[in-house]
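So, here come the structures, one by one.
Next, two complexes with subunit A in common: one pairs it with subunit B, the other with subunit C.
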Partner chain A sequence: MPGASSRLIAIACGTAGLAGFFALWQVIGHYQLAGLSWPPLTAVLQYLFDPDRHALFLRAIDATLRSTIAGYLIGALTGIGLASIAYTLPMLQRGSDRFAAVVNSIPSIALGPIFLILISREATPAGVASIHVFFIVYVSMNSGLASTSQAHEDLFSALGSSRLKRFLRLNFPSAVPAIASGLRLSWPAALIGAIIGEWFGAPRGIGILIINSMQNFQINLLWSAVLLAAMASLFFFGMLTLVERAAYRRFR
Partner chain B sequence: MARFFVLNWGILLILVAWEGWVAANDFNPIVMPSPQGVFMDMISNPGIYVENTSVTLFVAAVGLAGGLAVGTGLAILTWSSPLLSGIVSPTAVLFSSVPVVSLIPIIARILGYNMATEIAIVVIITFFPSFVFTTAGLRDLPHGSQDLFSVLGASRRATLRRLALPAAVPNMAIALRLAAAHAILAAMIAEFLMGTTGLGYLFAVTKQEFLTERAFGTSVVATAISVAAFLATSLLERRIRARFT
Partner chain C sequence: MTGAAISIEHVTKRFPLKGQSAGVMALEDISIAVEQSEFVALLGPSGCGKSTLLRLVASLERPTEGTVSIGGEAPGSLAARHALGVAFQDHALLPWLNVHDNIALPFSLANKPVDREAVGGLIDLVGLNGFETARPGQLSGGMRQRVSIARSLVLSPEVLLLDEPFGALDAVTRRQMNIELQRIWSRQRITTVLVTHSVDEALFLADRVLVLSARPGRIIREVATPFDRPRDPAVMRSATFHDLVDDLTDALHPTDATAHAGR
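Coming up: the complex of A and B.
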């Protein structure tokens, strides 16, 4: 089977690439080629998995994930909601596109202080995360809605279906794969939003660890916190990739 | 006039809600300034805004150009060697799903707190979309065109120049649109964290000194240049798409 063997070669190459990346990290850290701020990978892992610090890291990642998930859900629902409204009321479409683009262009460090006053210190990370997710989901749903096949559109019109019914039975289902892609791509953006939101005085979280260790020159802590954030991002990203594949199989 | 409303109802809504919210709560301008106060501060101190905006735009533009160049270069390199592509691509994909903003403090620690570091940060952050989209574009060739080139005995280099690169141009335009917005954001976060120069620095300082109107003015300017970059690159993308497909 040529397919299976070429797949095996691809996996071998990919693994070699990753191993090379980690080896490079280790060597640069070990010989201090990039100065004291680049520790070897083993030192970072040792620091991260030290039983004494389990409580610290667990508390931080727990807080950050809670904010990220809350912001993710709020942002996704808002994005889907606004895209649906704009599609069913076409006169709003161009204005809502611009509205979404402007909201997304507000720099996240400026969103922090606004949410601080609007809601609370604890809820600011979720707020900033939701804005990032909102835009990505809104844009992907728009392009998904635009991909509805014209023949189906004509059939629904010919059979005299109402606009709402056509949206629910035809347009929305055709947009599901694009929405699933948007949901996958917006997860790292949500995590970034939560981390930036935490810089504005959240009581705990990965963002707090990152900013404090940067300012206090705690290099191992800084790298551990970033590595933890990266692992959390990859885990959920992988899960969402599976969801996306299922959506493509079912709705295409 | 009607056209203006159709296009901008969302932005007007934000301004009206902002003004109404400040008036209803009777906020002190130190806590939450009104749009009017922010606007007054902007027109009475144009020098400060122009100076810092140009610094941020410079950092973002140089970093963006660097990121696109490195991303395109690496994409061409992996295109010409399947082995290299197999080795590099999984790691690059891994990186593109990592929250890159969290890398900014590490890069700042390694390279030092200065403008070169800010540019390096923008290069790294804009590199990923450029690499991912250009790679996809180089492979997404018109059906059968690859066969034609090999039948006519085109060299690998000629195939790249006359077939793959032109085919990848629309994708590069998408990468430019995505990366341009990221570039300004990344430059501002780097300036904010390191407290060196530019709009991010201005925002950090004015917030600490309770010059809230100026901090909001800084955000308004940053939003405006991001939107302008977004609109300009979207327009460019449409033009390029029309020309190359």
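Coming up: the complex of A and C.
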């Protein structure tokens, strides 16, 4: 199989790149090339995996992931729902596009206080995350719906399909790969949204660790929190990449 | 006897085209009357408007001038009644459905329960036994065309529109499909318009063969086939058949004929 060997090469390159990145991090930290605020990787890992701090980090990542997942689901369902309604009722399309664009143009740092007032401190991270996800999923679903092939549209017309049947049996399945891409891309955005949302007074979370350690100059804690967030982001991103691939295989 | 008569009266179709104020004239003042339960084949050079003609009957396009009606109704109401069967040049199978579900799709769009026997029978007819659960992506071009033909027949429509349905098939399979289509058509007698580039196919299948001129399409030749139904493939070896083939080929390639005459 020619695909297998090129896949192996890609994996090897990726691993080498990552190893190089970690080595550079270690060297810069070890020789303090970037000053005291850049610790070596080994020091950060030691700090992060210290059994005494397990409870601290677990509590933080648990809270952040809960907010992220809640915001992710709410944002994805709202995005898919609004895109579906706008597509089946064309008179709403323009209005809902504007609405989505306006929502997206508000910086998330400004969204935080709004959610703080509207809902609770605890729910603000999920709220900010959901806005990020909503926009990405809404836009990708719209472009997916628009990618329906004309030959298929013609077939459904000739067969006398109703609007609803056309949407359910043609437009929506045509949009599934694009929706899956949107779902993959919106995960990191959801995590960033949740972390920003935590800065507005959430009781716990990675965002809280980041901001506290920054203010108290706890360098190792700061880097550990960032590393933990990056790992959570990459893990779910990888899973969603697999889902996306499956969607492309199934619906293309 | 099923079917509805198709009447195309003084139809002109112009497509807007950038840079040309008059647009593209695809069809000019064309009139065709297809009787109920008649099988008409259209021959003509590429780009002469054959597909456009079928799309007008399927209500996918509107005529610029003139009228199209089916059994006295507007073409759109036939589609709305789910009484139209189409197999177009582009097979238009849904890539996420398997062969069986693609063929059964018209039932769902017509809000009818799937007649599994009818679907199975058609899969058999187009020779795709064993491929029921295969996806279009796993089929060859010719197999996809056969799925699309099966799908066009599954609701026993009143009008059947076929646009080069056998274009991607090899000669042997094509002949087999012609024989099969002839057999089921002789049973059901659905009013049919077939677009094809094969003179043999047109003569073997149709009651009447029309030849269109190069763009803008006009009817330049009309031949009624004198063969009884159901037709035996042996008619293709008869002298009458060969004469008609020559006749239609001449009409299709006037330049060839002139070239021969000049020599």
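Worth a mention:
The working rule: the second predicted complex is superposed on the first by the 242 of 252 C-alpha atoms of A that agree within 3 Å, B and C clash if a C-alpha of one lies under 4 Å from a C-alpha of the other, contacts with A are read in each partner's own complex, and residues count from 1 in each chain.
In this text, contacts are C-beta pairs under 8 Å (C-beta built on N, C-alpha and C of every residue); 3 or more make two chains touch, one makes a residue touch a chain.
Keep in mind that this is a model prediction, so the values were computed, not measured.
With subunit A as the common reference, subunit B sits beside subunit C without any clash. Once the two complexes are laid over each other on the shared chain, residue contacts for A:42 go to neither subunit B nor subunit C. After overlaying the two complexes on the shared chain, residue contacts for A:219 are found with subunit B alone; subunit C is out of touch. Legend: residue contacts after superposition of the two complexes on their common chain; A:117 is shown touching subunit B, with no touch to subunit C.
Once the two complexes are laid over each other on the shared chain, residue contacts for A:173 go to subunit C alone; subunit B is not touched.
Residue contacts after overlaying the shared chain place A:16 against subunit B, while subunit C stays out of touching range. In the superposition on chain A, A:99 contacts subunit B only, with no contact to subunit C.
An angle of 90 degrees, to the nearest 10, separates subunit B from subunit C at the C-alpha centre of subunit A in the overlay.
Among subunit B and subunit C, the chain that touches a larger number of residues in subunit A is B.
After superposing both complexes on chain A, the closest C-alpha pair between subunit B and subunit C lies 15 Å apart.
Contacts of subunit A with subunit B, set against its contacts with subunit C after fitting on chain A, share not one residue.
Interface residues of subunit C facing subunit A in the complex, by the touch rule stated above, are 55, 58-60, 79-82, 84, 86, 88, 90, 92, 94-96, 105-106, 108-110, 137, 161. Residues of subunit B touching subunit A in their complex: 5-11, 13-14, 27, 31-32, 83, 86-91, 94, 97-103, 105-106, 108-110, 181, 184-185, 188-189, 192-193, 199-200, 203, 207, 215-216, 218-219, 222-223, 226-227, 230-231. Remark: subunit A residues 9-10, 13-14, 16-18, 20-21, 34-35, 37-38, 91-92, 94-96, 98-110, 113, 117, 187-188, 191-192, 195-196, 206-207, 210-211, 213-214, 217, 219, 222-223, 225-226, 229-230, 233-234, 237 touch subunit B in the complex. Taken in their complex, subunit A has these residues touching subunit C: 149, 151-152, 154-162, 165, 169-170, 173, 176, 250-252.
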